[in-house]
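Next come two complexes built around subunit A: one with subunit B, the other with subunit C.
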Partner chain A sequence: MNHYSSGDDGALKAVLFADFFSGQLRPPCTDETFCEALLPIANVCLIQYQLEALLLAQVKECIIICRESVKETLSKFVETLKLDMNLHFLASSQWLVAGDAIRELDSRGDLRPQSDFILILPGAFFTFNLAEVVKAHRTRREKNKNWVVTCCFGQRSISCSCDIARLEDGQIIQYSSARKGKLVVPGIMNMTDYCSRIEIFSNLEDCGIDICAPELLVEFRENFDYDNIRDFIRGKTDGGEGELLGNRIYGHILSASTDFACRLTNMESYFFVCFGFVHRWSYPWTVEQFPFHTTNYEYRRGPKYIPSVCTLARSSHIGRCTVLGENTCVDENAVVIHSIIGDNVKIGPNCHIRDSIIWSNSILKSRVSVCQSLIADGVVLDDDCVVSKGSIVGPSVLVDSKTHMPKNSRLVRSNLLSLSNEMEDLNIDSSVAVSREKQVGSASSYSLWQETLDETAQQQDSESSVDELEQIDRKESEDIAVVENREEVSATPDSLSFKSSSSSSPPMERKVALQEIKDTFQRALEEQHPPETAVLELNALKLALDIHSSLILRVIFPLLLDKLGVQGNTSQVTQQWITFFRYWSGVLIKFCPHSLDGKWILKYWKEYCERRTSYQKYFSFLVQLLYDCDVLSEEWIVEWYLEQVKSNPHSVWIQQLGTFVEWLQEAEETSSESEA
Partner chain B sequence: MSNNATNNANTTKRITTSCAVGHYLDFYPIVFAGGTGSRLHPLTDELIKALLPVGNKPALFSSLYMLERSGFTQAMVVTVPSQLAAISNYVYEQYPLDELVQKRRTSVSPMAIKVHAVTEGIGTADALREIANYIPSDFLILSSDLIVDWDLVGLLEQHRIRDASLTLVLYEDGKPQEKQPNLKYSSSHQTSALEDVTLISPGDHRIFMLESSADIEDQVAISRNILQHNSRLVLRRNWRDCHLYVCSHWILELLRRNVAISSIKAELIPYLVRRQYHLSKQCRVWQKLSKGNEQDSLDIPLGTEYRLEKPIHWIHFPDIVRCYAMLLPSNIFSRRMHTLEWYEQVNAACLKGWIGWCTTEDKASLKKNHHRLIIGQGLSLGDQSELKECVIGDHCHIGHRVKLNGCIVMDHVMIGDDCHLQNCIISSNSHIMERCKLKQCTCAASMTIPADTTAKGESFGQSHDADFLFG
Partner chain C sequence: MSYRSSTSSASLLGKETRRALSYLQQELREEKLSGWRVAKETLRLLRIVISSVSSSGLDKVEEAVRELGQELTRGYPRCFVAENMTRRVLKVIHEETSLDTSDPGRQLLGRSVKNVKAVKSNILEAINEIEDELDTVLPNITEQSLEHIHSNEVLLTFGYSQSVEEFLKSAAEKRHFEVIIAECELDYSGHRLAKSLSEENVDVTLISDAAVVALMSRVHKVIIGAQAIMADGSVLAASGTFMMAAAAKHYAVPLVICAGLHKLTPLFPHHPDNLYDMLSPCQVVQNPKVWNETWFRQLEMSCPRLDLIPSPYIRLLVTNSGGFSPSYVYRILNEFYDEIDTCLKYSS
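Showing the complex of A and B:
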């Protein structure tokens, strides 16, 4: 653990996540061999910027982490750059989350960094010089070894919004990436001196640049439930004062005026970065000065960047904020405003392109109109096509003439669509919950990729995912929920827990696992183990069997319900239930961390009541009880309630729960204000 | 200056009628002087807290003189019936005779002061509710135990410019007292109970939390609303509340509606500060409702509109209720003298000349063994006495070879020969007999300390119960 050397030998290492492990930018990144690190920003790939920025920070060695499938493409591409840097690839098709990659790195003696290193999270785009930050980090480390991580935060949130609370010496004591909810600042009296202050920053951009000590790898090795990088910070800040006094995290707030940094996680941030670059916000790096540009750009007022080799018709109009690629051909009367055009793009006569990004080698025939959209490589848009706002046309799609694409549509090649469906099965792709094939025009070479706004999508919107990898996890849990729910309808409650089989693990194994969990908890119930012990046992099982906590919940909750009796009069029953759940609530809380789980509880309990009429009158009582025991949060109940109201406004359950939800909503309003 | 300035004492009785007309400063100051001063035991056994001497002038002088100097033409002193006689006596008889006041009043018409008694034993907010009908406009609340020498015009100006609902004044407390062993009242428990935890946006000093640390369970939850509108906030513990508030008139209406609020400091101010966004939301709802209903014209938003000239930048503030803090400049001394420790600090500040109206004796008039003194009239001083950093009241008698160091001695005190007193507070009419050696002692009024007493850190009061100190 104490291999810390001051690092003055200059062997500064960087670890770069080249792959997003998720599908926020998919399409256009649907191709197996195309990864998000290759996204062009003003016609230069993201990874080139990242590597160049690392070179600037005097990084001599860089480890690139990616999926096995994109390794080849990436390594070929990187070789062409001829960088003065040792590049290593660490690839695997086994990883599900970033934490796995980190753990693998830790186990690789040849690659494992021995001194402080720079960690670049997926999609980080930055143009400022990290050398200063690294230097500051090292000075801090020399004074006190506990400063293990320095995180950089931009002052304006773009895609990864987060709030932090920071002590005067820069230590982060609270980090929250949820856009909703309040920020709880802990340890006011004990952590701070009387005269010091706590600074609270909200709406910061977590730009995904960390300077880490090797101790971080140890932390990941020891806590193998850390899924993504930010889990580390969360683990520290939620761990109470004991943790906060140990290894410390420094929050570096970037200057708002000179440091340009952002994370590309979705289309919005991709467009933001592209046009930010065009607008020269990332000065000193600009389109015409960036060293990797093979194209010779001429910077004109506007700003416009016109390459030396391109064909512009006399009557064409190139508007403000435009970058044209090499060999671009703009025909008569075509208008290009506020757009980025890649290399070898042919823009036919009378085309109109506005606020869009077009990658290389596409052909736009005559009278095509493109507005606020992304056109990927090798696309052909035939005469009179209209691409409306917010559309994405995937690579190599041929669009017939006179096609009118509706707003926010996604076009991909059909074979890619099926490919991506496979990927989904393999739990690689997660964001696209349902992809519906639909023919546009007559040619069958492409399909409409449509993301239905189902629960998953909404969730992704509402949660600011600091690390996209998290979602895979959630998806998995949802998979289980779906599978189980399907069976619950048909099965009796006693047997249902064992029938569920999921695609992700062999049915036999899972069955055994569930049986084991059931036995363990049954024993705990019968022998009246203290809840803490039960939690420990279940946790051990969870880790040993490598299953998700929501799965455990789905086993133990039915067992708990079975223990409830309805004999005797109402007050006896309620009293009995209260004591029972007060006792076991700790276990439920532990395994019910996510809103989906909470909703599952509600749903399961509803169906349970539907089957057993004697339980009916206690429906709302148990919900309240679970709320009082902090198992269910008010948001979950309210959300679930509203969903139910939508689907069936006159059900008995809705009526029963109505008053309670009303009360909740009122209380929520007042409490959210009063605890300011 | 206002055209209806009141010149004679009679008009003070008719103050409510006269202030309906416009005034130079359209803020009505209210001085709360009804405190019992339980934490100043045993000094307050017989003396009234607001009249305890600070640099040989009653504490109330500080508030009144500050108001008068800031250009207020009227003020109200709120007290309780049991203290009414003493307070009125001071306000009507003695205050106008003070040298400084007389000096000022030669050029400017005097400030009309009204003394008003409210029901004994009620909270400050209750008292405010009782006198609400006498308050014609936006108002200023200050506590008589605040000792500060500051021109309030700046504060009022800021309040007006920001069109605030509430502006409160904070001062930055320096490093905590180094744990001097001879500092008697600074038990850590007591100081922490007095701490305020503040949450302020550093740019415009808008305040979002002002709560006593005793009410906070070591963690603070900051709601989404606040985070959304303020990208940067600072949480501090060493900014103390001065108990000097400038309030909009509609706050009285709020008080009338929320009968449960009974204390200004403990309930009203935290409520306003904490619920700014919520109240704004509520106001908008009321505004909508009252548009349809002319009857309900007493609501908050209409309250803010009573001022004729609406600020031009009104639109820049999306929310109606806004609380701001003003930080006292660091060169201005401010303390509330509500504990013995701070009472001493205030007097020490007087001796150091940190408070403008307090003048120490000229060096020339002092004898060889005397340093930094504030001495009242008619002091009879024995031979070979040494006085250092003392405040000594009127008509005191100090015997021979007496050594006083850092003491506060009130009026008519007799100190016998050969006494050595260090950091003591001796209340009026007390008699300290010969050869006493007292350190860090507090002596209530009209006590007699027998000869040859040696004591350290004790308080001599009527009852001999030691627990009353913090009772």
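Showing the complex of A and C:
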């Protein structure tokens, strides 16, 4: 193993993800050479803000991670910034998830950070000074090496999707994100095991900024199922491994008033951040004061930001919350309200633009109406076009005159469609697929971007009752998960009336998840997989489905019990059980980290025996067996026993278990005596 | 901004100077320095620039100082004091160089070089004089306190200002009076003033900004500090002071501004929006939970850092060269600044 020094020797490094590794922001980002870090926020690319903020935090060296295809564009762009910072690129076309990139980083001796570093997840937009957070992280690390990660959480949230629970000293013990309707923190019962005083925060914004120790990279090298850093946190907090390895994660809650940090994950948050920036929430960084602008903006009440070089017709109206780009031309009687217009955009006479973002070099001819939409670079909208709410027009699309785009439609150039199909083959993105191409108007230069969301599938989805779900095989359940994703995607461009449209209810999801775990483990049992493989499979499922480990236990333990037979004489049965449980104990240990889970096992086993009388005589035997296999600890057994004694002192189970518990207690005494 | 190397290749500022400049800008941004400190720091920076550039000719010196001044204008929050100091030094340079050109022997190379040295030392001397003057700003203001504050008066002030603090303290040594302090809700700096004054045994009442109008009828005099004195005698002061000035005018209470002349700016407040920052609306709306309400995004919130008090509202400006009325400001302007330096971007 490599040796990592962790002092603050050397300059502060940052690792910045320029790529999203997801399709959340597709259509506008369909081009191979365009990546999400180049998204303009008030006409300045996201990566500029990120790098500038890192400079503010005294970062001397930055590693930018991106796909091979966008590396050239990015590096050219970054060169023009002339930053006082060493920039390195780490690119590959092989990575599927962020975790792969982190593992690659670990294997690169020249780039791997040797001391604590800042990790910026894709889409993080922040304007506060990280130096303080880094300093606090380092002081914590000096006191205790186990504080490996500091995560920042914002209180001004866009998605309100993140809930955490933390101890008094700031250690995160529960982390949940991307919840759909259900409130907080799974397994809240377990938390009382840790400490009596817990802070629970809900509706936080996970702003994607982490200060990490180099040990984190080792962790990623050893766990191939970690897709990204959030999996790591979840793995640490849920699995109970955090306690075992002593690694602790600090949750830093940003100030609600002064620190501005958000994360761009979809169109909704993109619009949100853009207009938050225009509304000056990110002060001291504002449109007219952001240092990278070559354009000289003039602030006017409203707020309106008018560049020094632009042509505004006398009869044009520039409304509130508007940013105009350099060399923008607004013709007679045109109205622009609550919109961000990029550089070199020509807005023809009588156009009406509202609540929209238009990137650079587009041309809007006369009488065009755009509402709550995103128009990418180099688009030409001919006379009398109407772009309705929630639409996205991809780069370099030419739209014919008098085209009426329906709500939530997306236009991209046809040749890009095939290109994104290729990307589909490479498995870069699985949540967005292009199924059919539909031509709009007469020109063949563009097509509608369609998700594979058939109406029939939707119907099926809504009709399938919970009972039917039992029979849904694994493949179909996968399908549902994918459809869900797509719905989310299609809902995102709706910028201002953000409705969450996750139609599938949480219990159904849970059912699907349970079914999947069940199938996986059943297969493992039947095909006699080695337990290590089974653990890996289940772990991957756990992370993918975002469920708690105790839930997995509740699925696999009954399956294990069902495998036990009671045919033959007692010694045969016991021998059989011993070999069986010796074999599978690893899996149980892995998913039974807390005392509550242990007690659940005992309770379930008791009820199981109550139902099947033939098993009764083996009750205490199995408990002993599980104890021998280290699945159950002696405290759990004793505790459970005492609880049972209180509630029903004369039950059969108590009598059976009595001798064993007595033995346990005696053994404990003798061991403590011998120690003394 | 600061840490980015200049885009113009013809930059006259050396690497060292840039570093010093970025350091100053960073300090300006992160902590609130008093105007006096900023002036001092700027002069220090100017001295470095002049001594490093002077070897390459006098016209270069002027250009370099201008460039520095421009860089300082770009810093934020906009700091008029730093610009003013640059303008004063520019005026000194103009004077010295015009003396120099009148010298007939300038054409000779040898003498020119010698002259450059002499001019340089003259300029540096003049900078030293400005610095000495800065040191006497506060004592000069405070010694006038007894002329303006009388026994048993009730004074009203707003937020924290160093000159007002010293002004009141020096008067408190001789006279007994009562001070009402509006807390200045933007940064609650009034609390700081209240604490320091009460330690000097002054009668202090701390009120909220909203109570200013109600109490105005009881007040004899309003004394506040300023961020900048504009060319027409109007004043930029903390946000909320205009309301106070309007109330004072209504009740015919005299409004006295305490400020050193390093805050005198040769700019006119034609476009107030350009003169001061608009802060983040989070100063107004503190609850983060409303942030993701749809209606909330339609709101327009303005939170200006400074207020402009037009000259008709001001009775007296108390400066280090004595008290005078706002209409007199234009006279002093000519004493301090050269007309062509008003816009620092101008280059001959």
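Just so it is clear, the second predicted complex is superposed on the first by the 414 of 676 C-alpha atoms of A that agree within 3 Å, B and C clash if a C-alpha of one lies under 4 Å from a C-alpha of the other, contacts with A are read in each partner's own complex, and residues count from 1 in each chain.
Everything below uses one rule, namely that contacts are C-beta pairs under 8 Å (C-beta built on N, C-alpha and C of every residue); 3 or more make two chains touch, one makes a residue touch a chain.
All figures in this text were calculated on a predicted structure; none of them were measured in a lab.
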Exercise for the section: Using the superposition on chain A described above, determine whether A:Y627 touches subunit B (first), subunit C (second), both, or neither. Expected result: neither
Problem - subunit B versus subunit C as contact partner of A:N203, first or second or both or neither - result: both
Exercise for the section: Based on the superposed arrangement, let me know which partner A:Y299 touches: subunit B (first), subunit C (second), both, or neither? Expected result: second
Exercise for the section: Quick one: classify A:F77 as touching subunit B (first), subunit C (second), both or neither. Expected result: neither
Practice task
Tell me which partner A:T286 touches in the superposition: subunit B (first), subunit C (second), both or neither.
Solution key: second
Handout entry: subunit B versus subunit C as contact partner of A:D163, first or second or both or neither
Key = first
Exercise for the section: Applying the touch criterion given at the start, work out whether A:F580 contacts subunit B, subunit C, both or neither, answering first, second, both or neither. Expected result: neither
Practice task
With the two complexes superposed on chain A, say which partner A:S257 touches: subunit B (first), subunit C (second), both, or neither.
Solution key: second
Completion exercise
Check: subunit A residues flagged as touching subunit B and also subunit C 155, 203
Problem - Residue ranges of subunit B in contact with subunit A within the complex - result: 173-176, 192, 195, 197, 199, 208-209, 213, 216, 218-228, 230-238, 274-275, 277-278
Handout entry: For the subunit C and subunit A complex, residues of the former touching the latter
Key = 1-5, 7, 29-30, 76-77, 273-274, 277-283, 286-289, 291-292, 294, 297, 300-303
Handout entry: Complex contact set, residues of subunit A against subunit C
Key = 52, 55, 81-84, 129, 155-158, 160, 203, 256-258, 260, 275, 279-284, 286, 289, 291, 298-303, 320-321, 496-498
Problem - Residues of subunit A that touch subunit B when the two form their complex - result: 155, 163, 165, 180-190, 192, 194-195, 197-204, 670, 672-676
